[in-house]
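Note that chain A is present in both complexes that follow, paired respectively with chain B and with chain C.
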Partner chain A sequence: MSDQAPKMKDEDTLSITVEFTGGLEMLFSNERKHSLSIPIRNEDGTRTNMAALVDYLCQNLMKDPRKDLFILDGTVRPGILVLINDADWELEGEDKYEIESGDNILFVSTLHGG
Partner chain B sequence: MAPACETCKANPAQIVRPKDRSKLCTECFFSVFEAEIHHTITSNALFHRGEKIAIGASGGKDSTVLASVLKTLDERHDYGVELILLSIDEGIKGYRDDSLMTVKRNAKQYEMPLTIVGYDELYGWTMDQVVEQVGKKGNCTYCGVFRRQALDRGAARLGVRHVVTGHNADDVAETVLMNLLRGDLPRLSRSTSIVTSTPSAASTDPNSHSNIKRSKPLKYAYEKEIVLYAHHKRLDYFTTECIYSPEAFRGSARALIKNLERLRPSAILDVVRSGEDMAKLVPGSDEGCGGACSSAVPAAEEEEGGCGSANGRTAGGEMANLEQQLVQGDVATEHDLEVEITLKTVASQGTNDVNGNGNGNSNGKLAHVAQSSNARKVRKNKGGQAFIPRKTPKQVMGQCRICGYLSSQDVCKACVLLEGLNKSRPKNNIEIGYEPEDSEVQGITNGVKQVHVKGD
Partner chain C sequence: MASISVIETIRKQIASCESQLRDLRQQLAEAEHQHQQREQERMRQDSSIDPLTHDMSYGIHDDFRSEVFAALSHTEEDYSAPKRWPLDMSEYKRYGRQLILSGIGLQGQLRLKNASVLVIGVGGLGCPAAAYLVGAGVGTIGLVDGDIVEESNLHRQILHSTSRVGMSKVDSARVFLSSLNPNVAVVPHISRLAPESAISVVESYDMVLDCTDTPASRYLISDTCVLLGKPLISASALKLEGQLMTLNNPPLPPGDSRGGPCYRCIFPKPPPPESVLSCGDGGILGPVVGVMGVLQALEAIKVLTKDPGTLAPEHVNPEPPTLLIFNGYGNPMFRSIRLRTRKPRCAACSSQASITSEALNSGSLDYVQFCGSVSPVDALSANERISVDNYAKLRSHINPFTGMEPSKDSHILVDVREKVQFGLCSLEGSVNIPFSKVVSTSLNMSNVQTSGPQEPGWVSELKGIPDRPIFVVCRLGNDSQITVKKMKELGLDQGGQRWIGDIKGGLKAWREKVEPDFPDY
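After this line comes the complex of A and B, so read on.
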């Protein structure tokens, strides 16, 4: 089961763009756009999906300690919209969507004032 | 792969509408979103031809979408209204100064004239100074009370009688919940109204700032859809949370609403509708009277609601409701009286218990606990008025003795708050005034006009 991922090679990674807006950029070093290379498979060998990405972002990209402003009960906090290539992630299977190379994932907070 | 749009069947769907879970492409989403706002405007007769309308613009998503949609709709349906932007500068460094830049760009993009009115010129206090004075807790009260008047005053200056704001369905649902949690039914009733206007009877002066109509064309629009509209239309809006707001009570109501939405997306509109329906049950409420009796409730101290006059969501039955309401008015008052008596008794008995219980009073525990918790509720009701029984206020409208703003009290809430602020001002002023080296401090002294410093 746990096939410890050794050094990453190019074919083992996915190049994606992750964007944060609506105030979320505040939690990610005030950068709106991040180009990332993420492992194509999880440690258990399954394809990296949105749930794994969100976890990855929390572990690796988010410097802010207030994780609960981004995730709540193991998933993206209610009030944060997730768009996968500009489509609502609800159309793509939410957590279970398997990420493709070149994907653009956008997180928009609606929690901020208007 | 995304399914096809349910409306045009051609493009891939990109949006799931929260209200009915329909899956739409962006183009079909734009048209249905705009059509629904057009429907809100026409079915409630919000605008009339020739009217000059100020859009309360913060640079945030809601007011930016509102400005964009109103411009689109006015061109499409020829409302024949004149749209202008009105912004309030609360004086919050690192928040409002940035968002005002956005509003200035919006003014160019939408070709609308822009006016900015500052708290400092209206009240002599910026919010930065208020927070310096009162701390972060409770400062939202000041900001809210000041803002309402500020929009009215700004509008009056421009000779505009109608201000539209970007309040959306989530905001209204939040406000309904907040008022429910506070037990403030009269305000709940007013906050659900789509149109709130301060009655013209209060002032005969056409330039008075007490006579401005407010409406919320986005009242039935989900925040999610507003954000998506702004995103897919590539609108230029500003997103940074007010640096003072995280402690606000509203935040909890907001989180609750968003959690409900996750479980059942229609919950937001359902709460709005429940609010409207509950509003009709409040004695003395204007909900359902179509504005004819709007003078019954004053609006001056409203955070955002104001005295109601809405034609609610339902078209028919409103007038019938009013009649019923008038008949039932006395019954309701009687019912209120019953509550009063109960509360009064409990409160007077409970007073000692509140203290006694804290020390672990073991006698008659159950009864005492029940009583004291009741007493606490009553106490919490409104600071000093702890033992004045709750009653649906039958306030008489008047004008503030100091500023002339519409108020049920002798002095309006803004002036009361200002008085409190000004009382303690000189002391602070001296302290701050003599420390010129820090740039932050410098900013504050500059704003303070330094009258007191020199006077002392």
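After this line comes the complex of A and C, so read on.
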């Protein structure tokens, strides 16, 4: 968000925590934990869901140009688990889950070393 | 030169044999000591005067004595009847500290004793896992690994030893494990698990621990466990982090939705190969992978000692499957995550499963191909590259064309290893631009003339010295090629005016051909 953008009112935004582990943090300025304020609705007026969040992260938070290490074919790439409040997002409706204020979204890249 | 290296090799062999001999002598001494103790124990039992024997002979009325003898001679015929104590005397002592736990008890110990566990991969995870299972008295432990012990394994693979470098990991682990607990049968499988033989290897075991380090082996092991109905405890670790999952538990047949999810339910598609980092490239801290291996042993003991009654379909596992993630430097260090249950259309464990024993046995399932691999980087043409020999000459010899002495300022040597590695050792005069900085630089940034995103410092610095050729070096000679390409895309070659190229084979080749004293880490 640039400085000129009109300040969003609190009721227009969602405060969430987004975390990256398993090496994914390297794609996000080497920060594991990000506190974000994201718009509550998309431009078409629909509620912000996981699909929109992933898109938002890719556009706004990810400075690394290697986008395919995070998304592939329009969704989170294979080998990354997405967890909504410590539960697999497949239990919560995957990318259709509508984000609530206070949610903790965790992206875990699987490790293979042993 | 050849004879010196032969002498060196023989010296090393002698040293290795001598230390193996020392190991064997120590094992012999231990075995002799045990044997002697057992003999003494037997003698003591034979000769010692039992207080009851004394009473029997001198302290009681003769009628009572006759009665006792009668009773004794009566029972003599069922002398071979079931043993009075289900465990050996030495086992009560050895396992006493865990026997008195309510979760274990006599039944739990007997379940462990009758159990067999296959540990696949005898590395950073497999070593601690096998040590604790053998210590706990699991009856049979199978070990699968085709690798040999290397010096760089020893900081974390605690079953191996300096003197056993060069020995197969399975044999090395057997030396340790059989001396830890001679009651346990350790079964060697000295090879990598192959799809064609996976079923025959895994079949006879009750449970499997996946302690391997590649996606291909993880899918193969999971598929095999689903087909054979074995619970699978899967762990992995890299750098300072670890992950642990108990899969296919309960191990119900494919299609039964009450069974635990398999690896494919959680990860239907393999990760892109370029996203997979090995311990050799990413690094690993010993206690981090150790914690994960120890947790695998703990999970195995929990599953093995569980009352089999609770495994019956009517009270199938009420606990949801979880993924435990560990970060050695995190706060908190552990986090438990709820996973999904079996995937209704899983390729391995659903009613529509396409993976069958026949396909596995026939070898038609190619797991390596399924997971893909990173092909060696071959990004540059011959005139964008220089061999280590020629680069060494360029550094030390007079230029044959100009007759000029070499000067430090004649070129820029860029080392693209990460900062920590550069700090370990580097070539004199080299500058460090970590590869992670190079790849995270966007191309459009450098073209932006006005404000907008800043051009990274390393790009402007190299632009500030436009006339010197740039040599790029890395650890193995892959990242250096990618960096050369990127530098050219960023316009650092001044439209072809400045030479930019990579040093073939990186610092590994430099050590092998030019400077043997350069550290090998």
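Going forward, the second predicted complex is superposed on the first by the 103 of 114 C-alpha atoms of A that agree within 3 Å, B and C clash if a C-alpha of one lies under 4 Å from a C-alpha of the other, contacts with A are read in each partner's own complex, and residues count from 1 in each chain.
As a convention for this text, a residue touches a chain if its C-beta (ideal position, glycine included) is under 8 Å from a C-beta of that chain, and two chains touch if they have at least 3 such contacts.
Because the structure is predicted, anything quoted here is derived from the model rather than measured.
Colleague: For the overlaid complexes, name the partner, chain B or chain C, with more touching residues on chain A.
Modeller: Of chain B and chain C, C contacts more residues of chain A.
Colleague: Quick check on the superposed pair: does A:Thr21 touch chain B, chain C, both, or neither? Answer first, second, both or neither.
Modeller: both
Colleague: Would you check which partner chain A:Lys63 touches, where first means chain B only, second means chain C only, and both and neither mean what they say?
Modeller: After superposing on A, A:Lys63 lies in contact with chain C but is clear of chain B.
Colleague: Which holds for A:Pro39: it touches chain B only (first), chain C only (second), both, or neither?
Modeller: Once the two structures are laid over each other on A, A:Pro39 reaches no partner at all.
Colleague: In the superposed arrangement, what residues of chain A touch both chain B and chain C?
Modeller: Dual-contact residues (chain A): 21-23, 26, 77-79, 81, 83, 86-88, 90-91, 106, 108-114.
Colleague: Please output the residues of chain A touching chain C within their complex, sorted ascending.
Modeller: Where chain A meets chain C, its residues are 21-23, 26-27, 63-66, 68-69, 72, 77-81, 83, 86-88, 90-91, 106, 108-114.
Colleague: What residues on chain A touch chain B, complex-wise?
Modeller: Spelled out, the residues of chain A in touch with chain B are 21-23, 26, 77-79, 81, 83, 86-88, 90-92, 106, 108-114.
Colleague: Under the definition above, what is the set of chain C residues touching chain A in their complex?
Modeller: For chain C paired with chain A, touching residues are 121, 123-126, 211-215, 218, 235-239, 241-243, 266-272, 274-279, 282, 284, 289, 323, 325, 327, 335-340, 436, 439-443.
Colleague: Can you check the complex and tell me which residues of chain B touch chain A?
Modeller: 2-3, 12-16, 23, 58, 60-64, 166, 168, 170-171, 223-224, 226-228, 231-232, 239-242, 245, 254-255, 258-259, 261-262
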